[in-house]
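Read through the structures below before going on.
In the two complexes that follow, chain A is the common piece, with chain B as its partner first and chain C second.
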Partner chain A sequence: MRLINRKPSRPVALLLAALPFVAVAIAYAIGSEMRLAVNPQDRLLPAPATILDTAIRLFTEAERRSGRILLWHDTGASLFRLLSGVAIAAALSLVLGVLIGLLPYMRRSLSDFVAVLSMVPPLALLPILFIIFGLGEVSKIVLIVIGTAPVMTRDMAQRVIEIPREQIIKAQTLGASSLVIALRVVLPQILPRLISNVRLSLGTAWLFLIAAEAVASELGLGYRIFLVRRFLAMDIILTYVIWITLLAFLLDWMLRALSRRAFRWAEAGL
Partner chain B sequence: MTGLKFPPAVALAAILAASATSLPAAAQEKTDFRIAWSIYVGWMPWGYLSDSGIMDKWAERYGISVEIVQFNDYIESINQYTAGAFDGVSATNMDTLSIPAGSGVDTTALIIGDYSDGNDAVILKGEGTLADLAGKPVNLVELSVSHYLLARGLDTVGLSEMDLASVINTSDADMIAAFSTSDVEAVVTWNPLVSEIVASYPDANIVFDSAQIPGEILDLMVVNTDVLAANPDFGRAMVGAWYEVMALMAAGDEDVLSALAEASGTDLEGYKAQLDATAMFYDPADAVAQALSPDLRVTMTNVAEFLFEKDILGVGAPSADFIGIEYPDGTVTGDPGNIRLRFDAGFMQMAADGEL
Partner chain C sequence: MSFVSVRDVWQSYGGRPILERVNLSVAEGEFISIVGASGCGKSTFLRLLLAEEQPTRGVISVAGDMPAVEPDRARGVVFQRYSVFPHLSVRDNIIAAESFGTRLGWLWGARLRAARTRADETLGRIGLDHVAGHYPAALSGGMQQRLAIGQALTARPRILLLDEPFGALDPGTRVQMHDFLSDLRAQSPMTIFMVTHDLAEGFKLGDRVLVFDKPRWDPHDPGAYGATITYDFDARHGGIPYHHLREKIHEPTHA
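Now for the complex of A and B:
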């Protein structure tokens, strides 16, 4: 039997999926053990048990001064920024993408501009963003929008252009106006694509969120990570990293479920 | 199927290799040393030592080699030292206590280079005094010497951090841009940012600076205690090279000062202005006097208390006395059973006596 036709049975498949995770965990445990043997107070690779203790403390115990459980407040602040940024970027990219893809006038005027915009490294513009939008929430959300919207817009426009010309012509022979074509022909076909775009952009959005929070903030997951980096509290950093990964994974999973449920006609392959 | 097992194996090998190569330096004799430094007015000589070959000259005299590596990120340089990748690093007394000493890495302050004498400042936008900070947000790099300076300053006017509207962690790289935004009312930062802000914004008003707490923010070269104990020649070479450059700077050598100015991104005048706000110990005897001064004990106790209050003094530190600090005369503040920071005047004394 050819290799490409050999498929693992279900238990083997589960084992194979778990293997890389287990290997990384073991490698970490060994590395941590080696360093702690030399210096029991080493903070670079804390023992897994220490991380677990720290995680429990972070999730359940309130901070002495403010009486708040910081992790939840950090999570709330960060998710608000992330979701607002991504939602605005998604809405923008949908509207602009349809306009650019469908209307030749819009395509001529905006297509190149968006292409150039998507090449600008947004982090380099941070000082300008801060001066225009201040150091508060707005500049952080704007950074996420600038970082993700142009690429999403380009992809949306491309998808609209790729819609078979025949469909558009057929709709026209049936008397559909430009607006009706946009709403009834284009939109159902690119909405699933928008969801997968959002899923792909979430990674980038997290990156910009954490970068923005590192610059000026008093709450947020990225803020906390950069703050405790000052005293190498890797147990806190690793807890936050695992938490962020979990959140990102959950968001991705929810979007996929949403896509499956809402757009049965276009089961996305992603 | 076998192909799938490869990545974890590679990852395993990579992590093991990475953690093994940067294991904390073991106490043994060796000949190759690496130290890290980052840009700050009082540490610029380290870059010059490397470029001018003065470090190599002294290292050769003792039959060793010392590689001097510049970091763009100050905290990262200390973290790398703490992780064992370097034998020494330029750091302030406060960060040395909280990061390497707090992480259990026994560290010795080999050279006391200077203390901040105005280089760190609390800047208010518009008219007012330190007491006017009450109810205002303050932007600074949290948990840094700026934060300590603010706490000490607020003490002097009977305020505490609780009286501020908030403390907003702001990256030093963006401090100047931050000052120009309307929602920022006060910042605490260090040079060259302080002089840049004061020069750029006419309404910038310095209400408190480190000249009012002289000798408290010390800029050090710290090294791993075990490495130093096993290799005293490393200490001799470092101190010898350092004070050769100090002598040149004290004599006002234009070439040296220009090189230092250029490396710190300013001109000769700009660098001299920064030096004016820095009390450099050009003469090793002065540095020895600072190390022996009883004030150092008070300062370090203050710093330890500040760090403990902020929850960053060591892993689960039960009290501000958690870490022992040893002074040149053998006295200890904090826990004598857990000495992790030592002030050593021996090598600087050798330099003062011309024995290197």
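Now for the complex of A and C:
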């Protein structure tokens, strides 16, 4: 039997899916064990038990000086920046994408501009954003918007253009105006794509968020990681990295569930 | 005065003529089949009737109206594919024929309820009432085309344009669709233009069969001349007009 036709059974599939995670965990445990055996004071690869202790402390104990549990405040600040940035970018890309995809005049005037805009490396603009918007929340949110919106806009416009010409013509013969075509033919059909665009750009958004927080901030997950880096506190860094990964995974999972629930018609064809 | 009149229509793309000197006059209620080889301009002609494109020269007028500059409610259309909206349920696809003409494209309250009742009547007539809540993707190709025709007719167009509507269906379903279309016509007369690849289908359904072809042909430059209507058959009575002609002697009124 050819390799391309061999499929794992359900228990084997689960095992195979777990395998890389287990392998990484074991490799880390061994590496940590070896380093700690040589030097019990080693800070580079703390033992898994140490990380767990640190994690429990970070999630439950308040900082003595301020009396706040910093991890939750960091999470709140970071999620606020991330979600506002992505929400603004998504709304922007939806409106611009429909306009560019549907109206020839808009396409002529905006599509090349957006294409060029998406080539600008957003991190290179970060100093400009700090100068214009200051070191507060606005500059970080704007960085996320600039970093994700142009690519999303281009994709949305492309999806609108790909809607079969037949449907647009048909809607016209049913008396639909441009507005009705945008609202009732185009919009519902590209919303699933918007959700998947948001899912894809969340990764990029995290990148820009952590970069912005690392450069200038006083609260946030990225800020904390770069702060404790100075003390080589690997147990805290690793806890934060795992926590960020978990948050990203949960966000993605929620968006996927939403998409499945809201767009039953798109699933019916699959 | 004819219902649909096409007067000296020329269409060319980038200087290349596709159609030339097309003249046609169609009476209300006639079923016109349009046949011809690939690339002979029959789909172009349908797009002109649809007002999706404007002819380079000439005038097309439907029901004595001014020549249209874009597709409107006077023209119903069914394409080979993508004719229904995949994100709307079967019932909502029919309701769309009424709601899309409003300002925001939605109906509310009593108007929506009335439209829903009418939509269910329509679905009963086209035999889709048992799948009213389904999405089109769950329907077979024949059912989707029935829905597309029902949707187009709900908007009460003056002319119905069919662009190879049964081309993607299997032969059995196609015969069913022929009966379906004939039944619909028997219930309410309408003016139909149908482009088809299938000669037999064209003669079976049509009152007239128009053949598009190039009357002039330059072997050194095949694209030099456009196509026009080269034959206009009377396809009633199985394409044999003889009996009809003899009857006319006794019945002087025009059929």
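Keep in mind that, in the parts below, the second predicted complex is superposed on the first by the 266 of 270 C-alpha atoms of A that agree within 3 Å, B and C clash if a C-alpha of one lies under 4 Å from a C-alpha of the other, contacts with A are read in each partner's own complex, and residues count from 1 in each chain.
Operating definition for what follows: contacts are C-beta pairs under 8 Å (C-beta built on N, C-alpha and C of every residue); 3 or more make two chains touch, one makes a residue touch a chain.
Just so it is clear, the model here is predicted, and its values are computed rather than measured.
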Contacts of A:A27 with chain B and chain C, given as first, second, both or neither: first
Partner chain in contact with A:R2 - chain B first, chain C second, else both or neither: neither
Partner with the higher number of touched chain A residues, chain C or chain B: B
Partner chain in contact with A:T173 - chain B first, chain C second, else both or neither: second
Touched partner set for A:R10, first chain B, second chain C, both or neither: neither
Which of chain B and chain C A:R264 touches, first, second, both or neither: second
Footprint of chain A on chain C - complex, ascending: 50, 52, 70-73, 75-77, 79, 81-89, 96-97, 99-106, 134-135, 137-138, 151-152, 155, 157
Chain A to chain B touching residues, read off their complex: 6, 8, 16, 19-20, 22-24, 26-28, 30-32, 34-35, 38-45, 64, 126-127, 130-131, 134-136, 214-218, 223, 226-227, 229-233
Of chain B, residues touching chain A in the complex: 1, 4-5, 7-9, 11-12, 15-16, 18-20, 23-24, 26, 75, 79, 82-83, 95, 98-99, 102-105, 139, 142-144, 166-171, 173-174, 177-178, 180-184, 311-312, 314-315
Chain C-facing residues of chain A, complex: 164, 166-167, 169-177, 179-180, 183-185, 188-189, 263-266, 268-269
